[in-house]
Structure formats: C-alpha cells, structure tokens
Amino acid sequence: MADASTPPPKMTVAELEAFLEQEFPQVFGAGKLYHVEDVAHRFARMRCRYDPGQLRPGGTISGPTMMTLADTGLYVAILASIGPVGLAVTTNLNVNFLKKPAPRDLIAECRLVKLGKRLAVGEVAIWSDGEGEELVAHATGTYSIPPER
Amino acid sequence: MADASTPPPKMTVAELEAFLEQEFPQVFGAGKLYHVEDVAHRFARMRCRYDPGQLRPGGTISGPTMMTLADTGLYVAILASIGPVGLAVTTNLNVNFLKKPAPRDLIAECRLVKLGKRLAVGEVAIWSDGEGEELVAHATGTYSIPPER
Amino acid sequence: MADASTPPPKMTVAELEAFLEQEFPQVFGAGKLYHVEDVAHRFARMRCRYDPGQLRPGGTISGPTMMTLADTGLYVAILASIGPVGLAVTTNLNVNFLKKPAPRDLIAECRLVKLGKRLAVGEVAIWSDGEGEELVAHATGTYSIPPER
Amino acid sequence: MADASTPPPKMTVAELEAFLEQEFPQVFGAGKLYHVEDVAHRFARMRCRYDPGQLRPGGTISGPTMMTLADTGLYVAILASIGPVGLAVTTNLNVNFLKKPAPRDLIAECRLVKLGKRLAVGEVAIWSDGEGEELVAHATGTYSIPPER
C-alpha cells in the first residue's frame, strides 16, 4: 500500500499521542492504556494494554474496551490523513465480537475504506497480541467531517 | 404490548440490579451510574446518570458511555425475559449516533425484536432526559444464548 | 405521534407512487410488487406483494427483496418529510434477518429517528402480513441528503 | 494467506457454480450476471457483470445488486470452507455504500473473519473493475450455520 502514490501521514505518532492526551485525557491521559503504535495515510495501528481492571466476569476484556479501541483507532487514522483540522464525529460504529479475548494486550489495525470531504468510513481488525491470527473483534465506523475544514 | 398474552418478567428490577451489581461491579457497583428503571417481557428501560467524568471535550457524553448503556440494556431485557440461566454473549452491536447529548441523564428503552433459543436481537432508543423526543442514539444488538440453558 | 406539532406529509401516497414509478421503474413500475400504503411526517408503511418468483429454495422470500423493501421504505419516509427536492443517497443499510418469512405479503413500517439537514437515519420493522407480530427482519439505514436542497 | 497451514478449499469454482445454479437459479441461472471467480479457504472473489438493466436513474448500479453480490460472496466463501453440508442462513448484512459505481463489472473480495461451528462472519470489499482501488461498497455479514452438519 505504501507505494509512491501514497502521501505521507500528516501527523506523526508523537504528534498524535500529544494531541490525543490533550483532547481525550480520560482515554489517552497519564497511565493510559490506549496507544498509537503506527500510522500511515488512511491507516493506524493501536494497542490497548492489558489491565485486570478491564476484566469482566470470566476473565474477558469488556466490549466497551474494544469499542473504544476501534473508535479511537479510526479517529487516529482520519487525523493521520487530514491533520487536526476540524474534529470528525462518529456517526456509526458497528462491532462484531468474534471470540473471547485472551488476558493480553489488544492490537487493532484500522484502515479507511473511504476518505471523502464529508464522510470517512473505515474498518478495524482486533486481535489478542501473541495469540495467533484469529480476530477477537471486527468493526466498521463512519465519521462525519465538518464542512469548514 | 402488555396484553393478556404477554408473560410477566422473570426477574424484578431489584433482582436484576442485585444480579448486575454482583456480575458487573465495574458498571453496576457502588456509586454506579447505570440503573435499571423498568422491565417487562422483552423490554428494559435504563438510566445513565449524568456525571461530568464522562464528558468529552465540548461537553458531550462519550460514545462508549452510550454503547455500554445500549449493550447492558439489551442484556437486561434478555435476563428479564429468560431469567439468569446461562449468560448471553454480545455478538454484534451497531450504534448510530444521532445528535450531541445534553449534559443530562440518558434514558434508554430497549426492546427485543427476536427472542429465539440461540439468538436474541433487540433495538435501543436513547435520549437525553427532559430534552424532548429527539433521539441522541439508536442501536441494535445481537446476543448468542448458550445452548445449555 | 400524530399530535398537533407534527407537520403533515409533503407528498401524498398517490404523489409518491407516481414519483417512484417514474424514478424507479424497475421496482415501482407496471406490475410492481412494491407499494406505498401510508405516509406521515417521518413515516412510511410499505407492502411487498407475495410473488412466487421471489422465492428461494425452501420457499423463503429472498434477502434482497427485504433489503429493497427496507431501503425504498426509508427513502419514501424521507420524501414524505422533505418533499422531492434533491435525491437522498443511501450510505448505510444494516439488516437483521430474524425468521423465515411466510409465503405472504410483507409489510414494512419505516420511521426516521433523525431528520437532519445532511443526514437522515431510520429504522424498519418487517413482518409477514397476517402472521402475527413477530418480525421477519429489522433494518436501519442512513441517507445523505444533498446540501443544495 | 495461502501458507502451508491453510487447508485447500472444499469445493472448486466449477463445483460451486454448479451448486449455485441449482440452488439459486434466479441469481446464478442461465444468463446469470453473478459469477464465482476464485475461492480459497475462507475466501471468495466474485464478479457481477455489468448490465444496463441494473441501472438506477443517474446511471448507478442499484444497492440491491451490490447487497446480493456481498451476500452471495460470503455464502460462497463459507461453502468453499466447509463444503455443501447444511445451508448457512444470513442473520445480518451491513453495507456501507461508499461511492457511485461506474457502469462496469463489479468485483467483490469476500473474507471470513470468523468461521465457528455455529457462526461465520465475513467482510466484503467491492469495487468497479478497471476503475482503480477506491471501493464502491464495503459490507460485513453474519451467517448461522445449522448445528446438524
């Protein structure tokens, strides 16, 4: 995908983490579990560190933890593609929960399948780090991009 | 809907809150924001109390707060309909975010549109308490019901 | 819902059927199976007549038949609410198939849960006419409304 | 993906087309527009030939055409993975329409992200053949697999 025609990302991982820490301190603030690992044009890879506090009965990581990871990951992919100009708003998030996550870090790869002027749409694959290729969740999200950018 | 052919709920609000407090202490434990207000066969009405700690920049209530409300509300509607026999597992949650919530309590009405032996499907309407009829979010969810019940 | 504050529909059933017959002759043309039965502000009730040609093996009505009914019904609800000014475009359709339809007419009740300037979102309940209250499918759809209206 | 650990498909393209022609003659029968181009374990690539009869006003290919392509493609990927033993039933189909298709063949690549005993979940990327990499639609689908297989 990173061929000559792909533009570079408009924000680095460090710039994104600084931006997110300021804008979403509850998710990305001090002691945060959610991290940006890599970005490219229309792409972000996120990590959610394992923390026993997220656990549901039976030892599984909660659905909201995975939904937050998918939603913030697509938001990061949009920021990486268009820069911090105008905040995109989530209009739809659809999550399929595929198997019980292991008590491990979660990795999410987020790709935009559309990046228009008014709408961006992306998909997210989430798996347990070190547990093989089977996904624990798959999501799609739609974001409304403010017209004034 | 509550005509003569509608069976009564299998758990009362008090029984459901006690069950949830034990099973999901992070969501329904002491100082909890999420409450069961009413249940019937295939129905639950939930309340999420307003708390500034949920706020995102711009004063809006976070998406994960609304997703948690929708998910737990459908789970409560299933428990009210079949009792605490075998834990249903969320397999899909699809949320449309319709407008920015006011800094107020959220109310969710959750109705099961299918209650089968293996699958339950429901829909959720969420609005800001005291802000009129316009929904702030609408969700649908699918739950896998364990075969051994 | 039809209280004093609800505006009347901007198109009648007859006007809608004439409009649809011209714009979508393959769906609403001569010998058509899809019909508008009733409309109100933010609402449409549709009927899809039973026809053995729609049948899949096992006697069930095809998924695309139900998806077309849901999609056109929400489109009709938008037209009834804002008039034939600028064509709305479907950006998302999410359908839950709940049970095998009977070999009968399908009825769809379509309600808009959001009617904004740029986006409309609605939900659809579909059942087999004369087969009781259990839904055969439930759908949600999102429509982009052209800015120039 | 086709590494040493990937099992071969359980049906060939020719076997699948013969099966589909018999089971779904309205979609895959004589003069059919829908074709299986390639399969692998958990994968199918489909083609929908361009035909002016599918056109909607404005020259676009209809939403139901794309929904049928996504739904049948995931069904083919399941057949290719488990063989023709017990018919899978679509329980959910979620389609994001991303841009207006060109008047050309549509190509769909369908991948299963989960293949369990009771549920299969897949995603579909659809684009216009010869029009570059931008998707015209993206879909996810869930299928219930009969327990008696």
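Chains: A, B, C and D, in written order; residue numbering restarts at 1 for each.
The rule is short, and it goes like this: a contact is a pair of C-beta atoms (placed from the backbone, for glycine too) under 8 Å apart; a residue touches a chain by one contact, two chains touch by 3 or more.
Treat the numbers as computed from the prediction; the structure is a model and nothing was measured.
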Task: Classification of the subunit A:subunit D interface as same or different, half of numbers criterion - done: same
TODO: Write down the chain pair with more C-beta contact pairs when A-C is set against B-C.
DONE: B-C
TODO: Using mean Cα positions as chain centres, tell me which chain lies farthest from subunit D.
DONE: B
TODO: Could you tell me the distance, in whole angstrom, between the mean C-alpha positions of subunit A and subunit C?
DONE: 34
Task: Centre distance in Å when subunit B and subunit C are each reduced to the mean of their C-alpha atoms - done: 27
Open item on the list: Residues of subunit C that contact two or more other chains, please.
Closed with: 91-92, 94, 96, 142
Task: Complex interface listing, subunit C residues touching subunit B - done: 94, 96, 98-99, 113-114, 116, 121, 123, 125, 134-135, 138, 140, 142
Open item on the list: Touching residues of subunit A toward subunit B in the complex: what are they?
Closed with: 23-24, 26, 53, 56-58, 62-64, 67-68, 71, 87, 89-97
Open item on the list: Looking at the complex, which residues from subunit B come into contact with subunit D?
Closed with: 91-92, 94, 118-119, 142, 144
